[in-house]
Amino acid sequence: MSQSENWVQQLPQNIIIGLEQGSVYSLIALGYTLVYGVLQLINFAHSEVFMAGGFGSYLVVNGIVGHRHMTGVMVPLTVLCGVLSGALTGAAIAWLLEKVAYKTLRRSGAPKLAFLISAIGASLFLSNLAGKLFNRLPNNAFPTYFDINHQLFKIGNAKVTLIEVIIVGSAVVMMIFLDRLVNRTKLGRGIRAVAEDAPTAALMGIDIDKTISRTFVIGGALAGAAGFMFGTAFGVSNLMGFTPGVKAFAAAVLGGIGNIRGAMIGGLILGQAEVLIAALPFVGAQWNDVISFVVLVLILLVRPTGILGERLGRAA
Amino acid sequence: MTATSQATQDVVFDVDHVTLRFGGVVSLNDVTLQMYRGEILAVIGPNGAGKTSLFNSLTGVYTPQEGTVTVAGRAGDAPVSVIGKKTHVVNHLGVARTFQNIRLFPALTALENVKVGIETRQKSGPIAAMLGMPWQRREEKESTATALALLNDVGLPGRGNELAGALAYGEQRRLEIARALGTNPGVLLLDEPAAGTNPVEKRDLAELISRINRERGVSILLIEHDMKLVMSIAHRIIVLNFGEKIAEGTPQEIQRDPVVVAAYLGTSAEDAQQQAEQAPELTLIDTDTVQDEEQADD
Amino acid sequence: MNTATRATLRRLAACLLGGFVLALMVGRQEGSLNDFGISFHQAVVGPRIFVFLLIGLVIFVMVTFWPRVVPYLTRPGVAPLGAGLLAVLAAQTVMNWYDPLVSSTGNGKFSGVRTAANASPNLSSVSVAFFGWLAWTLVIAALVACAAAIVTRVRVFGYVTAAIGIVGAVLAYVAHSAVVDLDGGIDHSLGVYADIVGFLLLACAGITAVHARAEVADTRGFLRKVMGYRPGLPIAALGVILGLLAFSTAGWFGALQINDTLAQAHSDFDGTGISSLALNYLGWLGWTLFGAAAVLSLAATYLRNRMLAWVSLILSVVGVVLTFLTLRSMTDIGAQVAPQFGGTWKNLGAGGFLACIVFSLFAAATAMVISSTSAGVRRNVRAKAPTDELPVTSMVKGFRRSSNAMPLLIIGGALALFYPPTLTLTWQNVLVGQIGVFVLLAVGLNVVVGWAGLLDLGYIAFYEIGSYTTAYLVGALPVKPPSWLQMSPLVSIPFAILACLIAGVLLGAPTLRLRGDYLAIVTLGFGEIIQILAVNNPGGFTGGPQGPTVPHPRIHLGGINITWGQDNLPYWYLLLIMLIVVIVLFYRLEGSRLGRAWAAIREDEVAAQASGVNTTRVKLLAFAIGASTSALAGSFFATQVGYFDPSLFTLQASILIVAYVVFGGMGSLQGAIAGAAVLTWLPQFLKAQVPQDDRQMWIGALVLAMMIFRPAGLLPAKRRKAELEGLDAAASSETAAVPRAGAM
């Protein structure tokens, strides 16, 4: 009995942790879902884009901060720099990835699995190249230019730390930005049109190649930014992409792959489910990965196309 | 074939007051029709009239909200409801179909395409196949021989080893019919078999369909835009418009039916009747060409 | 013009970027925590970057001027030139030339031998020169001469090329044997043979370039003509060449610092109490057998004489048997003389097994004569019958004939039987534990992914279930089975298969209605769940991260007692039997109605349903059959490796197996085998080429390049290949249009 009371007591704190994890999952999942929307392909190398964002932002932030200790207005500025550099690196890598691993295959009309395997090849290549260039240590901590665990405020008895606010806050900002982008801009209309019916979109004068390329760039930027956040909180390594990548993929499917809002919701649900269920007295943190997949399977059995259903075009 | 003789024949498809809706759109509205054994029944109607919905209701793909659909695929079968049945079960009941936009297995050879159909009626399992049991080998030989005979029959002799995807358009249409016939159906549903074929191919196709009906005793339900084809081979025609059955009869009756002409031309029945009286043969031929042009636009 | 310039510039940028990335990939540097970007720095700053940028530039030039190069590339002689160059380059850069150097200096490659040759004063000057500068000079000279021959078609150039090629081949042989004679260690390396083949191919290229009458080479047609000229003759000829090597120079017995050829073995074993049969074999019988079999099989294949073929076949079988008896009695004597080193079937060189390969090649060649002549007789009979009478049955027969694979199958079979014993222990280990097991897994997954088109990313889970079931049934897990259920490892295989069948159906039944990508993530999750279950060890069933220790298998059946121990070879033969059985069964399955039904649902599920295919049942069968193959592999693995832990069964492993299947050629049985074999062999091979940690990177790059340049895979499925070729042709006609527009 006392254990379950404990669970209830920790609930607010866990919800906040779940929100933090879920935001990262959502940001990565958006990349999966965007690419799936326009190409109907799972971009297996997306987790490496996330990793690249982590390393890119690490280099920039390390260059700015060095061994100094930042204060005042420099802290949010550095965070901004980190997000931007992570997003830029992610976008660049995603753009290259599309050019090398996808575009050539699309032109030769290869079977679907060939794309999957080329992405797997690219993923192996990128993560090991990063390992060679930087190092293969399991964890490279970001320079500590601010106290990431600094307690900002309390909700009930739940502590809210600075890093949590940064992660959730920037995730929300980026998701709103993406939602606007997809629903309000010309580029977004193009993406939706290609997702709905690529041949017709081409007939309407939309450059499919460019649209696909830009979709990769957008997804890559989000994942890269997520890489910065994840890196600040947990450190970067050349294999950091794998587990969050798989979870985010699960989140994208959970929400209905190809569906933008589905990816956001899927990520958040998965984050919450993991933290909350693992905190149950008879479970434990070692079951984390099992939980996310059991949740996924259960939901898919009830709703075979995910919570919100697929179709990027109709997400709006 | 006259109406009185049909009444005594047994019924293949019995569609009874079927209504099918998608959200608010009524696709089939209280449609009742019978298809009799051994006949070639054509279903015509303008685009969006509900032809394909009817087709899919007959094969169990769509489940109508109201009404019943029963089938007695082969002669002597008891009527069975198709509603809610899986597609392959409906096929096993003796109902074979082709697709409007050809759906072959492009990476398989023509022969294999037909064999897939034939072999769904066979019994030998995977273990027999792995061990090469004599009965499995016999079945394999039988299916190959049957498939080759079918390929010959539909006019694709010697093409068995070509990849289905590499065949010419008209040949693919024939191959699809051969594959459907391979499942030994009592009734064959053809979804616009002449779409995209040239006049010579159309003539051959008409001849093929009639021959299948005549020689194999397979009842045929035909959805087709090409009026010449329909008029030349159908025993009976049913006209759908906006999901409702508006006419039924022999080709001659349908050609003169003012309601049908109105549906096709989109004018009032009276005007159409006047036109029809002035030039009875021309009207439908005209609509036919209009239809073809519309299709070309698609 | 403007767009063309932009396209060219873009290509230039891409090529330079490629060079840059290559610069990052090559080298031994690696970053550290202290200096995060040090290797990046080292890779990019300094003169070495210009080398890589130059490589990029060269590629750019080649791609840009490709249309001007192409007419020359189709000339006769180019194909053998390319093959020869490739062989020589591979031989002189990556292949091993002398195994003892690997253990002493760590570099047994061409460059390693060069260093050793320079250091040893007793080596003949020709050998030193060959390893020092002569070999590469010869290669470049041959390349230049051959290029001149191809472009100008002046005969002299062709003859010069041929001379250089032959000189190179002879020198390679002489130089290598000089090194071996001097040192006398046990050598299994293949570098020199690849080098000889390469030089001879260069010689062929020269001759072909000036003597072929055609403007456009038809390499395939030529090869087909050669293979079809006299069935079995090329195989018999190969046998003769290998046999000469085996009986003259190859090592037959190597222990206590001796490395005996056949003749040396005869004098060494004379008077040691070896059986007279073996002594005679070493003395004259071996040579005689080889000579007789060679002459007979050459004659039989050339004359297509069934009588001769049968005699030669019988003689070859006798040859294999006698060779084995000889090897056995040699090793028995060796064990008596030096028990601490010896043992039955120990210390054998490559010679004896090479002789076995040779005899089996002769047998295969003559078997081909026998089968082809009998088929010819039947064909003639049928040709006399009026053709229109039985068109159907004659067509049925026509579909079954495929003889092209026959020679390859035979050579592969002989190699599988007799090559592994000549491998080093490390490679035997790799062959059994990596290549063999993963080939089996890939063959199983090919059913699911390649044939039925269902993307299964959790395939390793079945392997894991198979391993753990065996571990449970032999009592190696903390939870013991009831005593009546406890059994020996091999007996547990059917139960492991059953367990996986059940698991496969349990997973498949609810999830197979999900469409492709959803199925992928669900199977992925299944794999993760099973692995975490094994690690987390609920209820103390699995023993957690430590994993179980499984006893090695043994058979006691009536009078037969076979025990498998630490030695890898016996496992290889056990695995080979499993592999052959599985492959034969699956081969039949592919051509059965189930195989076609799988292809049908893969191609178009809706159409398959409409044709009466019960898609759920067919998919479940694919899942179940794939799972049971995995169980077989897992069960074998558990008992072979003796000890395993759950860290082996990761998601990465699942993904890798999918990569093997697709890399090899999706939906093709031989493709799955080849893909798994190549990609499991490659990391071991790369061990000697690149830093240990970089292997995954190179494999990733290779897989990526393979998919870009050959998306159908290494050995594409026949039907699928045709499908892709159509698309390729369309795409290439489009791409061909670009340079033409640019030229205007």
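Chains: A, B and C, in written order; residue numbering restarts at 1 for each.
By our rule, a contact is a pair of C-beta atoms (placed from the backbone, for glycine too) under 8 Å apart; a residue touches a chain by one contact, two chains touch by 3 or more.
Since we're looking at a predicted model, the values are computed, not measured.
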Category of the chain touch graph - line, ring, star, complete, other: line
Dominant interface by contact count, named by its two chains: A-C
Averaged-CA centre spacing for the pair chain B and chain A, given as whole angstrom: 49
Between chain C and chain B, distance of the C-alpha-averaged centres to the nearest whole Å: 51
Distance from the mean Cα position of chain C to that of chain A, given in whole angstrom: 40
Residues of chain A touching at least two other chains: none
Residues of chain C engaged with two or more neighbouring chains: 720
Chain C residues touching chain B - in the complex, by the definition given at the top: 391-393, 395-396, 399, 585-586, 588-589, 592-597, 599-600, 603-604, 606-615, 621, 625, 719-720, 722-723, 726
Chain C contact footprint on chain A (complex, rising order): 36, 40, 42, 44, 58-59, 62, 100-101, 104-105, 107-118, 120-129, 131-137, 140, 242, 246, 249-250, 253, 257, 286-287, 289-290, 292-294, 296-297, 300-301, 304-305
Residues of chain C that touch chain A when the two form their complex: 21, 24-25, 29-33, 36-37, 39-40, 43, 449, 455, 510-511, 513-518, 520-522, 524-526, 528-529, 532-533, 535-536, 651-652, 655, 658-659, 662-663, 666, 691, 693-694, 696-697, 699-708, 711-712, 720, 724, 727-728, 730-731, 735
Complex contacts: residues of chain B adjacent to chain C: 59, 86-88, 91-92, 96-97, 99, 103-109, 111-112, 115-117, 119-122, 124-126, 129-132, 136, 139-141, 143-145, 148-149, 160-161, 163, 165-166, 179-180, 182-183
